[in-house]
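Here it is: the structure, laid out below.
The first chain written gets the first letter, and so on, giving A, B, C, D and E; residue counts start at 1 in each chain.
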Amino acid sequence: MSLRVEVRRAVPGFTLDAAFEAPAGVTVLFGPSGSGKTTLVNAIAGLVQPDAGRIAVGDRVLFDSRAGVDVPVHRRGLGTVFQDARLFPHLTVRQNLCYGRWFARVRQPLGPVVEMLGIGHLLDRRPAALSGGERQRVAIGRALLSAPRLILADEPLAALDDARKREILPYFERLRDEAGVPILYVSHNAAEVARLATTVVALEGGRVVAHGPAAEVLGDSEVAPLGVRAIGAVLTARVARHHADGLTELDAGGVPLLLPRVDRAIGTALRIRIAAHEVILSRGVPVGLSALNHIPGSIAALRDGEGPGVIVTLDTPAGRVLARITRRSAEAMGLAPGQPCVAVVKSVAIAREDAGG
Amino acid sequence: MSLRVEVRRAVPGFTLDAAFEAPAGVTVLFGPSGSGKTTLVNAIAGLVQPDAGRIAVGDRVLFDSRAGVDVPVHRRGLGTVFQDARLFPHLTVRQNLCYGRWFARVRQPLGPVVEMLGIGHLLDRRPAALSGGERQRVAIGRALLSAPRLILADEPLAALDDARKREILPYFERLRDEAGVPILYVSHNAAEVARLATTVVALEGGRVVAHGPAAEVLGDSEVAPLGVRAIGAVLTARVARHHADGLTELDAGGVPLLLPRVDRAIGTALRIRIAAHEVILSRGVPVGLSALNHIPGSIAALRDGEGPGVIVTLDTPAGRVLARITRRSAEAMGLAPGQPCVAVVKSVAIAREDAGG
Amino acid sequence: AEVTVFAAASLKTALDKVVPGYEAASGNEVSVVLAGSSALARQIIQGAPGDVFVSANPGWMDEVEAAGRLAPGSRRDLLGNRLVLVAGVEGPAVEIATAEDMPAPAAEGRIGMALVDAVPAGIYGRAALESLGLWQDYAPRVAQADNVRAALALVAMGAVPSGIVYATDAAAEPRVYVRGRFAPDLHPAIRYPAAVLEGSETGAGFLDWLEGTETSAIFDEAGFEVID
Amino acid sequence: MGWLGPEATDALLLSVKVSLWATVVSLPFGVLVAHALARWSFPGRQVLNGMVHLPLILPPVVTGYLLLIGFGPQGPLGPVGGFFAFRWTGAALAAGIMAFPLMVRAIRLSIEAVDPGLEDTARTLGAARPWVFLTVTLPMILPGVLTGAVLAFAKAMGEFGATITFVSNIPGETQTLPTAIYTFLQVPGGETEALKLVLLSVGVAMGALALSEWLGTRVARRVAGR
Amino acid sequence: MGWLGPEATDALLLSVKVSLWATVVSLPFGVLVAHALARWSFPGRQVLNGMVHLPLILPPVVTGYLLLIGFGPQGPLGPVGGFFAFRWTGAALAAGIMAFPLMVRAIRLSIEAVDPGLEDTARTLGAARPWVFLTVTLPMILPGVLTGAVLAFAKAMGEFGATITFVSNIPGETQTLPTAIYTFLQVPGGETEALKLVLLSVGVAMGALALSEWLGTRVARRVAGR
């Protein structure tokens, strides 16, 4: 099931004019504040009417200005999580959670969601007695329990602390991988984008400035929509072994990669992200270093980055790897296209947060 | 001017019982969702009355349950920025900004604040026509313009994108360094904490679980209040040179450190943070590596971390440096206390975001 | 000079005709204040600035007198009235002296009357029915309005088949038919007392004019009994 | 209630009955009309708004007359006139109509205070508009509805002009407290009796008011979750 | 206004004057009382609330009677009685008192809808409570205040019972449209004249209502920044 969006809407001082296709998986929508992300999400939800355009989820046309289709909001079968939690103040947390379930095609059990979100002790409270983060967690649970065909999440984790973010992200991943529910996810956070995104859509001033599979958009050193720090490669790897010392070995095109235990069955395909700024390049295979992962390859391109940096693209058996190093280092090392080179990555630098299944 | 807080307040299901002293500079209050940060901020602002305690800014007692002092909210002279922007919906952005100024002792000019926050084009709009991030920026400006004696910021940047965060953080720094206004800053974000914090107060379940100068609390491998990824060392360094290739050289206790250009005068003292998970250890001085920064030292301690990791504390001329590596690497390298060892840090890994003045 | 006349509201039509003549003759300006007798009486007792009071009810005039608000010796009974039975359907008018005389429309459905314990027309009507020995019978069927005009309106609009009102009201309402006249001895005499209010300089002149022959004709035409 | 005398007791009980019915029956309409005025846009919205307010603007007697004409044998509503004419039901109708603008205004204001974002959210969660209304809007406006209901009840307890004009004063059927009070005020020396009834009526309405304040605070606290 | 006749014209102008004064003068008190009831807690709050609602509960005639006695020569308010007794000012007083509960309720509901968080924020920015009220609360409740004012005006235009009982029905001084209507209804054949006045009164009040709806939408849009 895929989402196809083509929307035009003008308000004084701002025009949204965006078209993109979001295949199954998570499509992350990002862009600076005021670029129209929320407006776009609202248009898909049916809460604002586009001046013109077409919105379809799979075969189901939700809106089509030419055909005169405009499916009512409650029939769209979308789960939304807004920037502000928008909990129903008169209902307890439990009742808030069950709200969408009443109307849902499928009644999921409350338990797993409640546990995953760590809100079991809050069930009988009312929203006013929750902290900001608690509120947002309940809102996420409420949307999940409505068994939606598409989830629209407008910065759902913005108000959460890192520990909670790490707890909740896997659930979005599971949704993506298991339930096949497409997710349109607005986020400012590079780690979230890299971890979740199947497809990336970058908005700026109401227009799509970059759009494509996450690996491409994020791995393209020319498109740095999240800022320099977000550049990185997304690789596909399989779980090869679980070691006794708590490390998991992945096989990325024949290159072994070690990272802290990943609870996935052997053989599972994973996507991992290696941020360009965390890669150290070495002319030979380094010795006596604490970093465990060495990915040999050859330099495909050298491109000047922002400031004093250079972005080096390495072709390796595991796929394209990007490294951001200083121009000074590049010169000192005499790097040039075609040269062999080893990407050194600390095992723990391929952080769990940046590795998603 | 320092803030002294000693507050007890119980509501059903939650008791806040916290005491700390915040010297001049930025005191970052952090802790998981629901730990009582907002409640504490509200108590200082005078918006909730503690059951008992004492709150003083410098010589000025704002609240003292024993002495019966309870300065009215509007006399406390505090600037607040709340999680939700709380702009006045009936006023334009300009009027919102000027609101606190009407009552302020000092009338700051609007211009610099407006420019810094990038809200010049919004001045005549009303809050309802702003995006979430735009709203938060206006709220920050409004608080700044009220010329407060103390700024209370409850996750002021949570709703902002990275680019905006990077733009606004320096203003908080400037406030801290130039205006001498103490800031109590609630944040979940490790980078923000490291960059801004002079003092760190960690709350959990309404209690202070860690408290002290930022360098100590963040550099203590036993206190990992922000989660494993937040462990790191905070070092003090001076700006030594600005190189022509865009790098700035710092002098940290004799050790040269290179990082992308820092716009500070030569001789300025800076605090930089080296996250433990970004440090690679090497037995000798490495050659042929793109990482420019090598900090030699000797191992002070090896401590088992979470999961398959080990945290290595290194005594170096620059100060204590922490490294988080895998147990496998530690064993393979035969690391033991007393041994010499080099911390390898990519120049760009000491990111601007993590370096503060 | 000005003359302020406090008068029971039911006198409006007649007074409207009387006033221009008086104004022309005397050069005084007249202001007629119309309301229920009870309201007017209370206001006069509380010091309302007036010159003449014409009440539809001797009881309220007594109250005003007891409060010392009347010019001594100025009180007199100005007018009298008759009670009639009206109905929405046409038919001959009979004199009612006994219960058997009651016309057919009164035998069924509700009977519109003014409040039988409070408003003069209602009080007189109830007295008449009691004298006829019909009260027990009729009481449950009585629809009491807050004034006699409203009672008449009930009949005029067909909401009730019959009603007991003053002859003066019946005369001016084309949609109702007088079907019976109650014998005057069935109830206490219907009297409209009038008096000059204490301290008034112009009141006496107007009151005298009210008793003049010109006005008598007007009152007579309106259906009142002019009392000499 | 021996000290009251049987007529006054009847009047009291009748007043309470009439006012309760007037309030309860008109409440759903009040909520509906308030919702329509606050959130829908349709042709004739202004006309509806004006009509709702008419009883407030007109002297009560005129409203009573209009009802009398409307439900009279020749009136457009003549066919159902029998149900109301000279019966307590008519008194309830008159009281309900007189109180309607108060009820609608109170409810409307509280509907306008509900964040439309919450209603939007409920819709995205699958609730059709009527469901949104029942499960989100209505519970959130309960304090306003309560206010509207109590205002209407209090007004109904005091309604006199329209009631007596429409259904007259028939002891035990349409003689409410206000008509009884009026009756006493019409006769010299009746003030003491009238005062007794006034106190009675004030007592009942104040009781309702206090109850509503108490309930309102509780409901508001529940709704706001405080 | 020739077709109206001088008396009716007088009554119309007087009604508008009386209603405007009643509304304008009572508005500050209405806002104050509404704010007190919505946001302060003090002993006697319930009593104040009850007193404000009394005119709604009491039959208007009783209210008028109480005013008559209260401002009478022997009444507790006798000293200022001269200012009100049987003058248009008294009519305005009666109308204002009768309309007061409506005004207070409308304003109170809108105050209760204001997020206290905004008021808190204003306080942290240095505004003392009165300033907070003037600069934050009041602008935000303007639609409610407007509603309250127009309700009060409409009610004042229709007020009859209390007015005629308190200040009588003196042409040119206290004869308002409703009392004039009453007068016409007292005489046979007066219905046509009465109807004319009714239409007039309805026209004025509806005009005010429409104006307020229009203004209210504008103010609300401004306040919500939409």
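Here are a few things to note about the model shown:
Basically, a contact is a pair of C-beta atoms (placed from the backbone, for glycine too) under 8 Å apart; a residue touches a chain by one contact, two chains touch by 3 or more.
Since the model is a prediction, treat every value here as computed from it, not as a measurement.
Path length between chain C and chain E in the chain contact graph, taken as the least number of steps between touching chains: 1. Of all chain pairs, the one linked by the largest number of contacting C-beta pairs is A-B.
The most distant chain from chain E, with centres taken as the mean of CA atoms, is A.
Spacing of chain A relative to chain C, judged by their CA centroids, is 90 angstrom. With centres taken as mean Cα positions, chain D sits 59 Å from chain B.
The distance from the centre of chain A to the centre of chain B, each centre being the mean of the chain's C-alpha atoms, comes to 26 Å. Annotation for chain A: residues 84, 125, 129 touch two or more other chains. Annotation for chain D: residues 61, 65, 161, 182, 185 touch two or more other chains.
Among the residues of chain C, those touching two or more other chains are numbered 150. Inter-chain contacts, as defined above, occur between A-B, A-D, B-E, C-D, C-E, D-E. Chain A meets chain B in the complex at residues 11, 13, 30-34, 38, 83-84, 125, 129-134, 137, 155, 158-164, 166, 188-190, 226-227, 229-230, 243, 245-247, 258, 260-261, 277-278, 280-284, 286, 288-292, 307-309, 323-330, 333, 344, 346-349, 351, 353. Residue ranges of chain C in contact with chain D, taken from their complex: 36, 38, 41, 59-60, 62-63, 110, 112, 115, 117-119, 142-146, 150, 153-154, 157-159. Put simply, chain E touches chain B in their complex at residues 115, 117-118, 120-129, 131-132, 135-136, 139-140, 222-226. The touching residues of chain C, when paired with chain E in their complex, are 4, 6, 9-10, 12-13, 31-35, 39-40, 42-43, 46-49, 147, 149-150, 152, 169, 171-174. Remark: chain E residues 65, 68-69, 72-73, 81, 85-86, 164-165, 168-172, 179, 182-183, 185-190 touch chain C in the complex.
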